[in-house]
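Should a chain be cited, it is by its letter among A, B, C and D, assigned in written order, with residues numbered from 1 in that chain.
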Amino acid sequence: MEIKVKQKRIDEDRFLEMRKEVLAQWPTGKEVDLEEAVAYQRSLPESKNFMKVTEKARKEGKTLIWPRAGTPVLEDEIALVKTLVDSGIRHIPVTIDSYSRLSQFDKAQRALEESIRTGRPMLNGYPIVNYGVKNTRKLVESVEAAFSPRGAVKLAMEIALASGMTASGKSSFLEFGSYEKRTTLEQCIEASQYTNRLTGYYADRGAIITTDLHGWVPSGVFPFSVNIACMIVDALVAAEQGVKSIMPQTHCEGHMAQDIAWMRLIPRLLREYLDKFGYKDVMLPGILANQLPLFPVPQSMGGAFAYLNYTAMVAALAEAEAVFVRTIDEGAGVATRESHALSYESANWILNIVRTQKIKFEIDGVETEEKVTEVEVRAMLDKLLELGDGDIVIGSIKGVEAGVLDSPFSPNINVKGNVLGVRDITGACRYLEFGNLPIPDEIKEFHREKIAERERAEGRKLDYHVAVEDLWALSKGRIVGVPTGA
Amino acid sequence: MEIKVKQKRIDEDRFLEMRKEVLAQWPTGKEVDLEEAVAYQRSLPESKNFMKVTEKARKEGKTLIWPRAGTPVLEDEIALVKTLVDSGIRHIPVTIDSYSRLSQFDKAQRALEESIRTGRPMLNGYPIVNYGVKNTRKLVESVEAAFSPRGAVKLAMEIALASGMTASGKSSFLEFGSYEKRTTLEQCIEASQYTNRLTGYYADRGAIITTDLHGWVPSGVFPFSVNIACMIVDALVAAEQGVKSIMPQTHCEGHMAQDIAWMRLIPRLLREYLDKFGYKDVMLPGILANQLPLFPVPQSMGGAFAYLNYTAMVAALAEAEAVFVRTIDEGAGVATRESHALSYESANWILNIVRTQKIKFEIDGVETEEKVTEVEVRAMLDKLLELGDGDIVIGSIKGVEAGVLDSPFSPNINVKGNVLGVRDITGACRYLEFGNLPIPDEIKEFHREKIAERERAEGRKLDYHVAVEDLWALSKGRIVGVPTGA
Amino acid sequence: MKKQPAVITGTVGMDAHVIGTKILSRALKDAGFNVVELGMQVPPEEFIEVTQKTKADAILISSLYGMAELDLRGFKEKCKEAGLKDVILYIGGVLGVGRQDFKEVEKKFKKLGFDKVYPPEANLKSVIEDLWNDLRAQGKA
Amino acid sequence: MKKQPAVITGTVGMDAHVIGTKILSRALKDAGFNVVELGMQVPPEEFIEVTQKTKADAILISSLYGMAELDLRGFKEKCKEAGLKDVILYIGGVLGVGRQDFKEVEKKFKKLGFDKVYPPEANLKSVIEDLWNDLRAQGKA
């Protein structure tokens, strides 16, 4: 099949044509007036600009907390963001509900109406398209903080940016690898080119919107080289469409040396590849540390606090500009306002105490992990560029088909799924099955040795079942899984 | 006034005479049969021996949690220790109530009876003397863990050891500096010589009891050189009386570089001084990290979890064998069983995750802090030995009188109290007022510079009021105090 | 020996949380079931169609995203209309938005026609035991 | 100008928690009171004797160790017997063993004869304001 999507900026005329179709998808599309929206964006104070807020944190040596906030009814959402800002939050990521994420605005509308009628939230996020620009500006104007829509489709992004939200977290690999079942990477990149082009349109007119990137987030314990390679691809795609501010979102798997190594590696490689492809004016205001593994079971309140505080501690030691900590209700369901406040009070305690100390440190192993991951990422990117004959988009699409990029437990039928990760004896993530990943032989050997070491220590072969045990480990207060019994 | 107490082992005959008087203080004294008690001690499994439990933790690379557990009614106390052991606790420090700590056994008896009658605890700990040997053996035998009485006077120690408790936390400086109002250091050392001699008596017969040491714990933010010098004095006093196992209890003030420096310095200097004075056979099975500053206000549950998680994290990174974490109820009152379980579940999560990683690290500043403190401690010990003409006990008694050893906010009228500590700009504890501490000039200069740096940054002079603000800081989610307003 | 029982798995509606249903499917296979794995975001109608086609004995639905109630209103009735009145219905995951009282959740989904309802992180060994028991009660195992 | 009011401070019974009463004493001095600081572990009788001797206007008792109730039963009566029916009685700290409902604690100690009862970590500025008000009400300030 011929690949139609390429690494190329969408012409302005074509883009404006595409927008008409997008805006027609739901009546609130009519509320978007692009020139007025740019002016509105430019009139916003620095405290509402995602990039400015992040740069301020960097300058002040602070680590800011990213919450996750999305509840269907506008009044409740406003009350929630007020609680958040009172807890010291300055970035507000607004989770959009699952129907809206799949452009099923009619379903979202019915559920929203039922939520309002019954007083019970029937949606797992804020239906931004249904609310439209006027309403969402009320939300944005309700507090001094920068807003970011999570999981916005094209129309949702139009509304979010016109409403004064100043970030756009839209990673084609995140969509492809975690949210989609049949959609191909090509379709996901095409969609992200639109939202990035929109962001670029604002940027060309002096309104800087930040794109935050996830790369391909694995569903489980898995080394992060695939993730990082894909994050770099996402960044190049965004930059080509005119995005001027990129914030990488790294995922902590819980092993300090690895997590810190990845936090150091990501901005370094991003800068290098952006420069190499000519996107020297793209800014990287900071890095966001996210926590990946399963959260403690809902019954374990002590474990929940420990996990979120541990994540805060690692982010603070690594001097990340922001950290995405979950609430103590993470395992139970969408958090209450009280859970948000309590959880961020706790994380903020750690962040303040650690950052004030201005700790400089070296952990054994960080260097090795950084080097190993770097070699893997470069090998993957080389292979993609080879497959795409220099076009990173084409290369990535072919790469996924060939399993050069791969991930375990993926929901998407277009993913090979021939790879698997487990933890080694100290909790570091290692490849157990390499599938078709283009990992150099000596690095493969490194992973195999680490795996053999655990096999000797535990007197058993590591396999799929161990990968599942490791998936649950952190949630149960360990970093390495233990046999769950026959 | 002539000093009668010296650094000299109590003769066995005199010791046995003294014991008669001690045992006569309360009817349960009759239950103590020393030879039977030694045999009972020797029959205990390793899991009940404090030193063995600690050594096992060291070998397995684990950090164990020390709780604080003492409730007046025996049945409740047994239920509490069972909860603790279920949370993974292997050391059980039994807090003795405040009346018994001051040998007011009759008052304790009345309050115990009222507690039983009303079902409401009227004592803030377990009245071990009133319960006696037979009852307390029930407690010791109820779980697989090693017991340690906290704040035991002579008779309490007799009963504790005869009941199978295998540690004796009795520091003369702790008593003198934190619990006594008029008692002199001489009297406190005399009392500790008795309990140490009793411990030595068991040791000579093959039952190893561990003495854990605090040194002079300051009531507030204060550098730790006085504490460490006094801990070394306490260790020499214990060793002279025949104690064979010593576990230092270091106190974390919250600044990572300092806390880790002190944890590294203490066992090193202890070993050196014990060897130097000929106590080469005294074992140091491990180190216990305790948290000193004020706990978050009772209303701040998130802060409470953060603080205990942070302490667990620091102890785990420093590879301490044990850590004394407070419960989330620390600021509110004696903890419920549920609070104990929840708090240790949380701390254990951190300890397991961090220790499994076997993290080796270097933090900038640890070396400097270690060196500064070492110079200070050596200067103090030199001065004490000079004052005592080689006798560390006499030297210490004179040293306190001369303010060579001193501490702020002390309850004891025999303490000079001419010293004060505050935090520097990164949260490290510094001397603001040196009083008569024999600190070398260049080190004084170091402290003064650090203080000047904060004065410049905050545009104010540091004084008593800042010392009070710093006392509250951690409790309010900061490490450096901020002006509380006029 | 009876024939190998057939079961259908998947997440319903727009739910993208696929890890649980994948692990469940593998455990069912390991336990000797014939598993038709539909993966994520399966419309209720698809569960019914595939059950008709495969003559499966049970449908095990996952949902974590909190909107299962909306997705599954009238599902049991539709099963009956499709001639599947005997098909065993199980559901598991996070079955509402926000912290829930599981007893309430269980009641709600039993009323919707589910035979068994499981809390988040249910133990798969006992799930599989339950399933064998229910199949035996229908004479199918 | 009225005379400088005199107050007595200290922790009662066997309580060794002296930091709070020390800080309180210093704050009272800074606010212009004449403070007789008894430090820690003051027997109830000593508070009374010293008040008689110094003609102090108020006693501010600290207790954190949880056993204040035992220490202070009958204290107000003893004050009256000693001719000190007007002396203002304040108490603060952790006034029971374990997490307490402060409303209950306040009721209990008011019944024991205390004019004001403060929760742990009370704000000293408002304590001192309260004290001036109570003194003014008695015409002593």
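Assorted remarks:
Here is the rule we use: a contact is a pair of C-beta atoms (placed from the backbone, for glycine too) under 8 Å apart; a residue touches a chain by one contact, two chains touch by 3 or more.
Because the structure is predicted, anything quoted here is derived from the model rather than measured.
Mean C-alpha position of chain C lies 66 Å from that of chain D. Centroid to centroid, with C-alpha atoms defining each point, chain A and chain D lie 57 Å apart. Chain B and chain D have CA centres that are 31 Å apart. Touching of two or more other chains is recorded for no residue of chain A. Shown here, the protein chains touch in a chain-like sequence that does not close on itself.
Per the contact rule defined earlier, chains pair up in contact as A-B, A-C, B-D. The residues of chain B lying in touch with chain A in their complex are 254-257, 296, 300-303, 305-307, 309-310, 312-313, 341-350, 352-354, 356-365, 426-427, 474, 477-480.
On the chain B side of its complex with chain D, the touching residues are 97-99, 101-102, 104, 111, 120-124, 178-181, 219-220, 297-298, 329, 331-336, 339, 409-411, 413, 464, 468, 471.
Against chain A, in their complex, chain C makes its touches with residues 13-16, 18-19, 22-23, 26, 39-41, 65-67, 69-70, 94, 96-100, 120-121.
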